[in-house]
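Just passing along the structure, written as structure tokens.
Every chain is named by a letter (A, B and C) in the order it is written, and numbering of its residues begins at 1.
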């Protein structure tokens, strides 16, 4: 399969502010790529550039092997779904779906056929003659997806499509979008700030910050081997625990406070001796025990425990450092309990403090 | 249709640029160009037609030594200050009264605002009639037996401006009241609740809490009203034609019109209108600074 | 305010739904008293106009201007409309009325079309410098017209439009542009930008989006603009005097000429009928439009 979307050295400046910096991104045909990042990271801006709604400063955008850098949005072979649904309020659902096709002078029988198909896929047949105001949020978003669907294009762009929905509907539609992707096999680029959406939907996730893609990889890779401190801290809830220290013995161990943590089994590059390094361990990769376990461990005191129902979060203090551990509900401990925290080094990440990159 | 290279910048979004052409022409040719043109020719001795014979500040010297202009400026200053103070104070008080969750609010507002829909000509002519010494207010009171009663503002140079004010306030106060009322309605209900909880009396809440919060509304109102006052022309034409006694109620706009289109002394008209522009800028620049300059600093 | 509700609630024991309030407490008497007095001041001139215009001249001379006519006559109205004299013409205000109509209608239409497209372009199709032009435009609305009067005379003369109907239409369009553009720009900015983006993805262009998406969503603001322009242009005096010739004078100019003419015996009843006739159009617009009028004039105070 070839590339569906190619972004080459894309740069976008608003006046003197650089919003996207020299960005490169290839999206395979049929791939589901999620652009993830905090607000202001440029993810929606990138999507708008792909759609042709923003004029870029420099670089090129290719879609399906065609240079579309300066093409009109409607000529790029894309469909787009917006956060606020953006349905035309004065038109019926049918009018909304056919507006683009009429602009493209698609013959009426073909329009009817495509609307019928989209309505069937999205199960919105009973809504076709209603106005958007008479629809619920979930129904509106289905219609908005339908508007992209009838265009019969290869690339779908989603701009935070589920952000305006409540939690229950959001998870329902999330599953539906996944199903739609499996069924249609289109290329999809999906912008969100919600990491659950990203992790569940994506074939690959592009984590963005400050107009730069920090890491582009599959969800598992992003979660387990974050390429830098930002990605490590951004993905996962609660956040990864960061233990600052320095590496000694040619990189065999990390000194954290007065504790020595053996780095044997670390899954990464050569550690070397560094004055400043940070060991990142996710809450679920730490075990709690009364006595020191066999592997590397640090002592800590329980401060608070939060019962989440399915499992429980322990908030502890190791020296001055706050640490969070995910434990089964049975493993809950009262405040003040002194424990030892066993660290799973094989699943941990080590970062250089200066470069913030994973070692 | 896949264009390979960046399209020519000027042709980009061509339709939008064509559509904006009237605005661009208006701003550049009429507003900016016209203003510069007039200022430029105010330094010439243009008479019937504009001509480029420069006389430096002669026109301005002549302007300021002309007693008619001096009276115009005095009149405008007096009328302007009185009108500003009264419209804003009365407008605010009326708005506060209207904000007491009264019944028939729409009716009251409709009555107070209708004069604003009328032209200054109509306003001026009605009040000219009401203030008519023989048949108007004065005549009626005298008819009741109070023979010495005197209320004839339009025919005495000392009082003619009050006559104009009565009509001007009638026309414009309702408008200011509406702006103020909108400002009052824009204040968060919770402020009132908080003031109630703190035990602050209503009148004090208005004075200490609400008025400072409405600062932007006051400033905007002042600017709009002031800009309108400087243009004052129709009302004077209709009520007094600048009289009595020749120039007791002259205003700058009238001076400009007369010199440009009647006396065929364009240079004087240009100099006078440039002075009008200057006076607007004195109001406008501090306001723009407060309004827009302040925002950038947070 | 607090006192009144306190005493009210003490008088009634136990909760009884809405907060009790006596209608006739001193505070309310004061409040409504002041408001009614103020309204009297506002209504008086309209009353006087109507009463005077329905009296014959002998009754005007003898009677009280506030008193209703003893004998109602419509003669002053007929005379004001059909035979009152300005200079050499003695065909009444009707000429001015029709002049005002043929000035107002195209001016309103043209100014609204241009300003609405401006506002739309400023919000959705920003181009380099568009905000600068807009700022100048808004500042332009505060500049005294007097400074632009003569340059416009020259421009119109060069274009062969000086003294013509279309010249005046152009002037009204130009001077209506700042406030109307602000009005439309503010309104369009409240329409979600994503709607515009969606329409672009759907292949609609500049005019397609304007006519198919923006226009149908903005009918109320077009009505507001219509009210603003009809009253504003109808009431204009200065531009009418400067840019037209006597046979094209709008109603306001003709009215002033009739009432303030020096020759002849003053016919106050005819004058008032003429004044009322001239004020009729904006008054009807005002009373029919109600709250939309308020919205229109408040638009001037809304910051851009």
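One rule holds in what follows: a contact is a pair of C-beta atoms (placed from the backbone, for glycine too) under 8 Å apart; a residue touches a chain by one contact, two chains touch by 3 or more.
Remember, predicted model here, so these are calculated numbers, not experimental data.
Top contact pair of chains, counted by C-beta pairs, is B-C. With respect to chain C, maximal separation of chain centres occurs for A (centres as means of Cα atoms).
Here the spacing of chain B and chain C, counted between their Cα centres, is 15 Å. Rounded to whole angstrom, the centroid-to-centroid distance between chain A and chain B, based on C-alpha atoms, equals 57 Å. In chain B, the residues that touch at least two other chains are 12. Under the contact definition stated at the top, the residues of chain A that touch 2 or more other chains are 75.
Contact residues of chain C toward chain B in the complex are 1-2, 31-32, 34-35, 38-39, 41-46, 48-49, 52, 60-61, 64-66, 114, 117-118, 120-122, 125, 127, 130, 133-134, 136-137, 139-152, 154-155, 173-174, 177, 181, 205-207, 231, 234-238, 241-242, 252-253, 255-256, 259-260, 268, 271-272, 275, 278-279, 282-283, 285-287, 290-291, 293-294, 297-298, 300-301, 303. Against chain C, the residues of chain A that register as touching in their complex are 48, 51-53, 72-75, 78-80, 82-90, 99-100, 103-104, 147, 159. Interface residues of chain C facing chain A in the complex, by the touch rule stated above, are 192, 194-195, 197-204, 208, 212-213, 216-217. Residues of chain B touching chain C in their complex: 12-13, 15-17, 19-20, 22-24, 26-35, 37-39, 41, 50, 94, 97-98, 100, 102, 106, 108-123, 125-130, 132, 135-136, 139-140, 143, 170, 174-175, 178-179, 182, 196, 201-202, 216-217, 220-221, 223-224, 227, 230-231, 233-234, 237-238, 241, 252-253, 256-257, 260-261, 266, 269-270, 272-274, 276-277, 280, 284, 288, 291.
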